[in-house]
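Shared between the two complexes below is subunit A, which has subunit B as its partner in the first and subunit C in the second.
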Partner chain A sequence: MQRKQRLTRSTAYFIPYTLWILLFVIAPVLLLIYQSFFNIDGQFTFANYQTYFASSTYLMMTVNSVWYAFLITLATLLISYPTAYLLNETKHPQLWLLLIIMPTWINLLLKAYAFIGIFSQAGIANQFLSFIGIGPKQLLFTNFSFIFVAAYIQIPFMVLPIYNSISELKPSYINASRDLGATNWQTFSRVIFPLTLPGVKAGIQAVFIPSLSLFMLTRLIGGNKVITLGTAIEEHFLTTMNWGMGSTIGVVLIVAMVIIMWLTGGRKPRSRKGLTK
Partner chain B sequence: MKTRFKWRNLYLWLVFIILYAPIIFLIVYSFSQGTTMNNFHGFTWSHYQDLFADSRLIAIFLDTLLIALLSSLLATTIGTLGALGINNTTRPVTKSTLLALNNILMVSPDVIIGASFLIFFTALKIPLGFGSVLLSHIAFSIPIVVLMVLPKIQEMGTSLLDAAADLGANNWQLLSQVIVPYIMPGIFSGFFMALTYSLDDFAVTFFVTGNGFTTLSVEIYSRARQGINLEINALSGLMFLLALVLVIGYYFINQYSSQHRKAVRGRRG
Partner chain C sequence: MAVNTQPIIRLTNVCKSYGDHQILKNINLELEAGKFYTLLGPSGCGKTTILRTIAGFTDATAGQVMFDGQVINDLPANQRQVNTVFQDYALFPHLNVAENVGFGLKLHKVAKAEIDQRVQQALALVQLADFGDREISEISGGQQQRVAIARALVMQPKVLLLDEPLSALDAKLRKDMQYELRDLQQRLGITFLFVTHDQEEALAMSDEIFVMNNGEILQGGTPVDIYDEPINHFVANFIGESNIIPGNMLQDYEVEFVGKRFECADAGMRPNEAVEIVLRPEDLDIVAADQGKLVVTVDSQLFRGNYFEIVAYDNDHNEWLVHSTNPADEGTPIGLTFDPQDIHVMRLHESEAAFDARLERYEDD
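Coming up: the complex of A and B.
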């Protein structure tokens, strides 16, 4: 009773936070949806949605963006799962984990910039290709380099949730499975993987959503060959100044995000840095 | 058994090399003579000298730092008060709604945050520049502060507060002498995360920055679009050091807070 009294006595301190929710969480999203119903001349219209759903360019762009996000997520998952699994078996997993997460503290733009040097015509990657006899190739501004760099940036965000769920796995389950005669593969596919699925889902969610919107990578590394939803939004807002169409694509991106969150069933937010648990 | 052990270490090392090679590559070439990242031409400090002579870049660096410090201070204050408020809600529905709203900006793609903030600032006729960037950085840093502080508040329990209230502490004394000292490690972690969020942000800033004002990330982007410039490598060397300091700082705060937690548990148990 006394506790309740203490709480109701003053709520003034809660005002800034409530204002933040109203002004910076709810209002911008509503404004984005509102803006999507206006054309470039500021007239109310449904034309943006009609254009979007009738134009094969926009639909193909969306399919492409989802496809590339899928490839990036798949590549990241294939590298990260074994990493997380092996990490758990080392002597000092926390230290190794810290080392995996460290690169997320380096500015994203600098990491992208490094790959401009690595993948350039006479860069170290091409020197290596010449050395092993393949000869120099166009690496920068290709779809391959886009997927490679995106996966490189996302790996720590995939390793972290998977590692967390693997480290919670009780070794007794694995022992039981082996004692009952399961092969290594059966133990993995029937016991380990299903039990670590929540971590995998969290990782997919953490990687897939940002992959739909990485616009600086499509420009710096992908050479504008891959257009993601994010690139399209940036283009409409800052280059062609067609905010209505940009907002429409933004609404599509929000819908895609909600679908992914629904499919992966998690509401745990990804933090942009590691180390937040 | 022994060979399996080696294989697994090899894989981990390979992942490590891939993760760190680009960063090391950047820093190595910051010491290279010449203008490209293709062949190492001998050691020089000249790119660092260029960097320190580049008054435009230094001004941008200071602006970035100012934005980061101001925004994380304000975000920490608002976020901590918000976490206290969320903890004080009595109805579970209100609490989960508040938490869901809190997390919206954490899961939204940067592009959506940037675009919607741009519409928001334009609608309110807030000029784009320092002010709009600062407001955006405060806005996207608040949720992480709440997430770092809330567990600390929940860990505190009510008996401590009841005891203080029984001993006649008023609201302000309760906050300043009991609650804040207890949740200080959480506040520090929140401040740290807000700081790094702000220093690292590119996409949101890119949308709301307008013409006159830039931060380091945006500047690196526009320079990188023009190609290789070893001054950026020198900059990355310095930023790597800064990141290292931040990671070590964060690590010690966490160590402190976990020791603190153990000590408290020990006292209780």
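Coming up: the complex of A and C.
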């Protein structure tokens, strides 16, 4: 009797979450897939997919999206890993972590506009470049500034999981590695990095996937020179009103994300051949 | 000085402090090659810090750490010819058993065939010959312990440091491992420096024990020496069970406690010096009350399997612990007898050097 009651209660706890998932995740995805099979006149068709895979423009956009998402993720990772590592060595890591997370509380658009100011002809970045004698330069609307700002925005999402995996690392692993004769670099490459790889993978997921569909930054900071899939979706929904085509690109993006999740996600430990037979 | 008497490890006036907190106070320590040494003390006494100083995980604030005649204070851990078995084993979870054991050899660019062979030998040594392909998560705590030992031994260190390696094992397994470690040490002839807070473990395994408290080595010696002749109250209390009674040294070989005079085997104190007397519970024999050197009243007793543990009180309210093969009656007076050499007299603040010198002078008389 009591057990049954507990069961119904725990089922009740699931209702809000299940509803949320149904209404805001499952339903929109289904709608998106459904819509991707209709052309601009509302007729059922596979033409959207044909167009997508036949047109070099869309393929170029896909390559661009993946390439820039890759560059952004790489830049973020190269900055975040050492940051997370140093963070773990500091006396008050929680405080520093808070400082790193704080920018995420500010709206993305506000941050983008702030960078327009910083990178503009008369902005402080150019003032500094003039001061050291190599400026002013065109900073805004370049690929560099696009990657720079995107990486800046993504860094907290990369630092956090990496920091967690580093702080969970037992110090005795590092001592054991040195004890067995490993140099600092060998300790890092053979012990620390492999053991913090789950954090790195989680960070890559958290950064790469959103970076695939960035569109606001490509326009505001990148000056629309880089057309990514995100930009294309926005164009189709808001400008050309070709919702079917926009949905198709959306579906392709979702598939791409699932592939990334699968590639970086936890798989069963590989069966190995040991050193000895 | 002959080369073969040179200690493999020598610590000279080693100190370690974090800010105002002194972890190690002037540690002097010499380890001869090929012996089994134990650092014994309560948690926080600094025994692990000594191990870490020798391994190179922490720097001495002052003093000298010597290995085989060379000062190694500034030698990084990865270049020292010592290996450590960690308390939590620290086996790398992303590598399997054989890869863990072969980790150090691979770093030293040993040929693959030789790695395979030495890993296999090391695993056979700890009776895990068929476990090479297992993941660390797939083996038991006792097996992980053995892998950790194999991983250190495969490097053929001159000194093996063991940081409370048995503390995570259950009682039965711990006892088996004590025998095995002792056996391993004697077969390989490597110097073992073993850290523990378990006095039974220390007594059972060691050639020599260093008893520590509060960052100091209080006494070093063979298990028998330390058990029979503890230098002070702390050591007497920490090693085995003891009756420690305040007394008065009347003259050489004569001591007074609980209001009576006794012949004893100790000497070298000032006349009428205040001292402490140690009488081990197993050295006390129960006789009829009128025949005892002491008369005590039985308060309680516990059956411990191979003996009865009897708690009794004398008229001065001193507690007496007696181990006896026969039970006693609670509430009744009993007599206790003991031989003069069962009495061990301790001075209140005697240094180890002064203690040794005094023993040296009087032991042969």
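Note that in this section the second predicted complex is superposed on the first by the 245 of 277 C-alpha atoms of A that agree within 3 Å, B and C clash if a C-alpha of one lies under 4 Å from a C-alpha of the other, contacts with A are read in each partner's own complex, and residues count from 1 in each chain.
We take it that a contact is a pair of C-beta atoms (placed from the backbone, for glycine too) under 8 Å apart; a residue touches a chain by one contact, two chains touch by 3 or more.
For clarity, every value in this text was computed on a predicted model and none was experimentally measured.
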Does the superposition put A:243 against subunit B (first), subunit C (second), both, or neither?
first
Which of the two partners, first being subunit B and second being subunit C, lies in contact with A:21: first, second, both, or neither?
first
I'd like to know which partner A:194 touches here: subunit B for first, subunit C for second, both or neither.
second
Between subunit B and subunit C, which makes contact with more of the residues in subunit A?
B
One more residue to check, A:79. First (subunit B), second (subunit C), both or neither?
first
Per the contact definition in the header, classify A:111: touching subunit B only (first), subunit C only (second), both, or neither.
first
Overlap of subunit B and subunit C contacts on subunit A, residues 269, 272-273, 275-276
In the complex, go through subunit A and note every residue touching subunit C.
170, 172-173, 175-183, 186, 190-191, 194-195, 269, 272-277
Within their complex, subunit A touches subunit B through residues 2-4, 6-7, 9-11, 13-14, 16-18, 20-21, 23-29, 31-32, 35, 79, 82-83, 86-87, 89-90, 96, 98-100, 102-103, 105-118, 120, 122-124, 127, 152, 155-156, 209-210, 212-213, 215-216, 219-220, 229-230, 233-234, 237-238, 243, 246-247, 250, 253-254, 257, 261, 267, 269-273, 275-276
In the complex with subunit A, residue positions of subunit B that touch it
8, 11-12, 15-16, 18-20, 22-23, 25-26, 29, 36-38, 77-79, 81-82, 84-85, 88, 90, 98, 100-120, 123, 135, 139, 142-144, 146-148, 158, 161-162, 165, 171, 174-175, 193, 196-197, 199-200, 202-203, 206-207, 216-217, 220-221, 224-225, 227-228, 232, 235-236, 239-240, 243, 246-247, 250-251, 254
Residue ranges of subunit C touching subunit A (in the complex, touch as defined):
55-57, 76-79, 82-84, 86-88, 90-94, 96-99, 102-104, 107-108, 112, 115-116, 119-120, 123, 132-133, 135, 151-152, 155
